[in-house]
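Chains: A, B, C and D, in written order; residue numbering restarts at 1 for each.
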Amino acid sequence: MLDKNGIAKRIAREVKDGMYVNLGIGIPTLVANYIPEGVNVVLQSENGILGMGPFPYEGEEDADLINAGKQTVTLLKGSSIFDSAMSFGMIRAQKVHLTILGAMEVSETGDIANWKIPGKMVKGMGGAMDLVASAKNIIVAMQHVNKAGESKLLPKCDLPLTGIRCVKKIVTELAVLDVLPEGGFRLVERAPGVTVEQIKAATAGKLIVEGDVPEMVI
Amino acid sequence: MINKVVANADEALKGIEDGMTIMVGGFGLCGIPENSISALIKKGTKNLTCISNNAGVDDFGLGLLLQTKQIKKMISSYVGENAEFERQMLSGELEVDLVPQGTLATRCMMAGYGIPFFPTPAGVGTEVAIGKQVINWKGRDYLMEEAFEAEFAIVKAWKGDSAGNLIFRSTARNFNQPMSMGGKITVAEVEELVPLGELVPDQIHTPGIYIHRIFQGSNYEKRIEQRTVRPKK
Amino acid sequence: MLDKNGIAKRIAREVKDGMYVNLGIGIPTLVANYIPEGVNVVLQSENGILGMGPFPYEGEEDADLINAGKQTVTLLKGSSIFDSAMSFGMIRAQKVHLTILGAMEVSETGDIANWKIPGKMVKGMGGAMDLVASAKNIIVAMQHVNKAGESKLLPKCDLPLTGIRCVKKIVTELAVLDVLPEGGFRLVERAPGVTVEQIKAATAGKLIVEGDVPEMVI
Amino acid sequence: MINKVVANADEALKGIEDGMTIMVGGFGLCGIPENSISALIKKGTKNLTCISNNAGVDDFGLGLLLQTKQIKKMISSYVGENAEFERQMLSGELEVDLVPQGTLATRCMMAGYGIPFFPTPAGVGTEVAIGKQVINWKGRDYLMEEAFEAEFAIVKAWKGDSAGNLIFRSTARNFNQPMSMGGKITVAEVEELVPLGELVPDQIHTPGIYIHRIFQGSNYEKRIEQRTVRPKK
């Protein structure tokens, strides 16, 4: 079973040299910590940064320099700043190769719900709908089941949708799964110590298990 | 050159009336027009529709205008971190129109580019699509979205000159740039009003033609919402 | 009768303090020479300038700084540079108050033809179609009749159109005329020494003459 | 950062094949990608469709590619001042699609903003409207125009860095900026390739994400089409 950092570490392997990547809030943010040396990627923050760096040293925070999570950040050499319209322009034009974000539910056809729970205070979708509607490759980082113990990998999402037919891959504490174009979650890897049976039990949507599913080496 | 300078925020906001629609720049608390927000509170204009990515926090930014109940409707992409907002929304006092962030920014920009509507894939298949025209173009679905029509846009820039030319600083550019081009009347407050000729023409983010009134702001607090740091090595 | 400079001088009076103005090639360019002191206007050049200044001093030409007529120019203090898409964005959004341009024909409903003569080599419309489709106020500077002696103020344009229902005012060597929203050229002023009869003879479209038409003081 | 630097124009143009559609930056002879045009001639690629505001003059700019008959079709707003162009057009060797200048620029920009079509009033009621959808919106007619789909965009900038960030100089920005964002593969030649970190992030006109290959150009002639001056006082 993976912890949050384990999920982030596993997702980091999907990040390839030369990619522009947008990381959502939460586990996705941690992915930046595990990108291997020599893999050159550029982090996009949708409030207007390409080439986002780490948090500033204490005392060097700049109120004018924040990321999409409203955290103070820094700029790497070679970074650029732009306005919000251009930022989503480059997202919409699919210049950002990979979006990694959290989810409340994912359906077996790749629909995602991650912004609204009926009856609870709605905070808004922020840039999530734009990101999932346009990114070529979308990886979801989330827990396999919710706090009530119910599967978050469903035949169909119950919650209001953020986007449809867009999620390509899911990494949870239990497994790595591909969402197939024809529908279904294909089990790609088991987390260390996790059995196929456990994953089956935690997956409400159509799970596809082909041959021996390797345990991930993390 | 045409001189756009006004003395202060009060003068800059002349003509904003009850019930109007205004764009307010900034992302979170970054790059918000602090002086203009204070002046709006003093002015007491009511029933405003505010187009702004966020709604500030309880005691800063647009949150202040919520406290004084001057806002009738918020058009935003994300409105967390605000207890008074939540209270007013749940009680039905405040209308809220949630718009995907990229759509929001582009609706501002398109107003400044004279393009009244445009297609975007954001929100297809979600509740955002309800009531909107869906067009399939080369095998992909798009929602038709409209450019905003706002009587005023209120933005904050780093530097500006009397011709209304603006330069933004770092991520405080955010919505300020598209909004600065998208209002029928655009008011810009700047940290530094510089002499004509000091800004490099190639470095100007918003050309002065889009700006109607500009003034030198003061006492910027520039509050940080999430102070994240790492220890010095 | 006015010469080219006279036409330009008369049009300059229509340019009011605080206006952003786009001047076409030919007579319109001359208008800049006659804008009175104290009338602050900003000249837009659609290749990406606000605040265009005069030609450079000899030896100070900059190949990177030209106007829409491809002439070397200078920048005034407070000018700005932008790309072609933003330039036509501000035109389309009606931020440019006044466009002054030449024409081959204008109809009594304000249609304009100024880019193409069938059978002759077509050079293209450049930015003219964008300008006439969006400017709030369009003044045409032209000769009243063509080289064959035929009126250029017509009931309907014969040549391919540049835009429809857009021209608000025409200044020729003979007269100043308003194009009325309901159709028709209303004679506003006679050029020095020109009679109403001469203007009538040179105008093929509906000419509206109300009361005594003053001779312009130029 | 991702390194976009290639050795020269030949390497930058790898993959441009006969029959492709390319955007070529510049306005008149101002800001044209001189090195890339020379390399295209050397390469000999045929049947190109060129999206470019103008077609150069007989012996410079895209006029050179007309001389070598490598262009099948020009998509431009203004093509005067070019005898060989005229000859090829009148003889039917060259197809010409004339597009209003603002529409042309916006069709490039929209490709870079992922907006596949958009309404514009330019050309309503003229022959430009033939075959296009006309939409009435709030009492005004608009033509629906499409974003360009170009396999390559070739632009010229003043300064650039290895991350592909570009800064244009003065009116040489023109079509170079929207085109730099609108190609499937964008090649940028620069007068000066500067070390990473030298460009100020706030001053960058085109962020490197839009640029696929960048190289240091050489021997810029920067010819002036209309040298207009006034005598020194």
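Worth pointing out:
Everything below uses one rule, namely that a contact is a pair of C-beta atoms (placed from the backbone, for glycine too) under 8 Å apart; a residue touches a chain by one contact, two chains touch by 3 or more.
Given the structure is predicted, the values throughout are model-derived calculations rather than measurements.
Counting only chains that touch, the fewest steps needed to get from chain A to chain C is 2. Listed by label, the chains that touch chain A and also chain D are B. More inter-chain C-beta contacts link the pair C-D than the other of C-D and B-C.
One inter-chain figure worth recording: chain A and chain B are separated by 29 Å, centre to centre, where each centre is the mean of the chain's CA atoms. Averaged Cα coordinates give chain B a centre that lies 36 Å from the centre of chain C. Averaged C-alpha coordinates put the centre of chain B at 33 Å from the centre of chain D.
The set of chain B residues that touch two or more partner chains comprises 106, 113-115, 120-121, 168-170, 173, 201-202. Those residues of chain C in touch with two or more other chains are numbered 75, 81-82, 85, 89, 91-92, 134.
Pairs of chains that satisfy the touch definition comprise A-B, A-D, B-C, B-D, C-D. Note for the complex: chain D touches chain A at residues 1-3, 111-115, 161-163, 165, 181, 196-197, 199, 201-202, 204, 207-210. Residues of chain B touching chain D in their complex: 106, 113-121, 137-138, 142, 167-170, 173, 201-203.
Within the complex formed with chain C, the residues of chain D that make contact are 27-31, 53, 76-80, 86, 89-90, 96, 98, 100-106, 108-109, 120-128, 158, 168-178, 205, 222-233.
Partner chain B is touched in their complex by these residues of chain A: 45-49, 54-67, 69-73, 75, 81-85, 87-89, 91-92, 111, 121-130, 133-134, 160-165. The touching residues of chain C, when paired with chain B in their complex, are 17-18, 20, 40-42, 44, 50-51, 75-82, 85-86, 89-96, 134.
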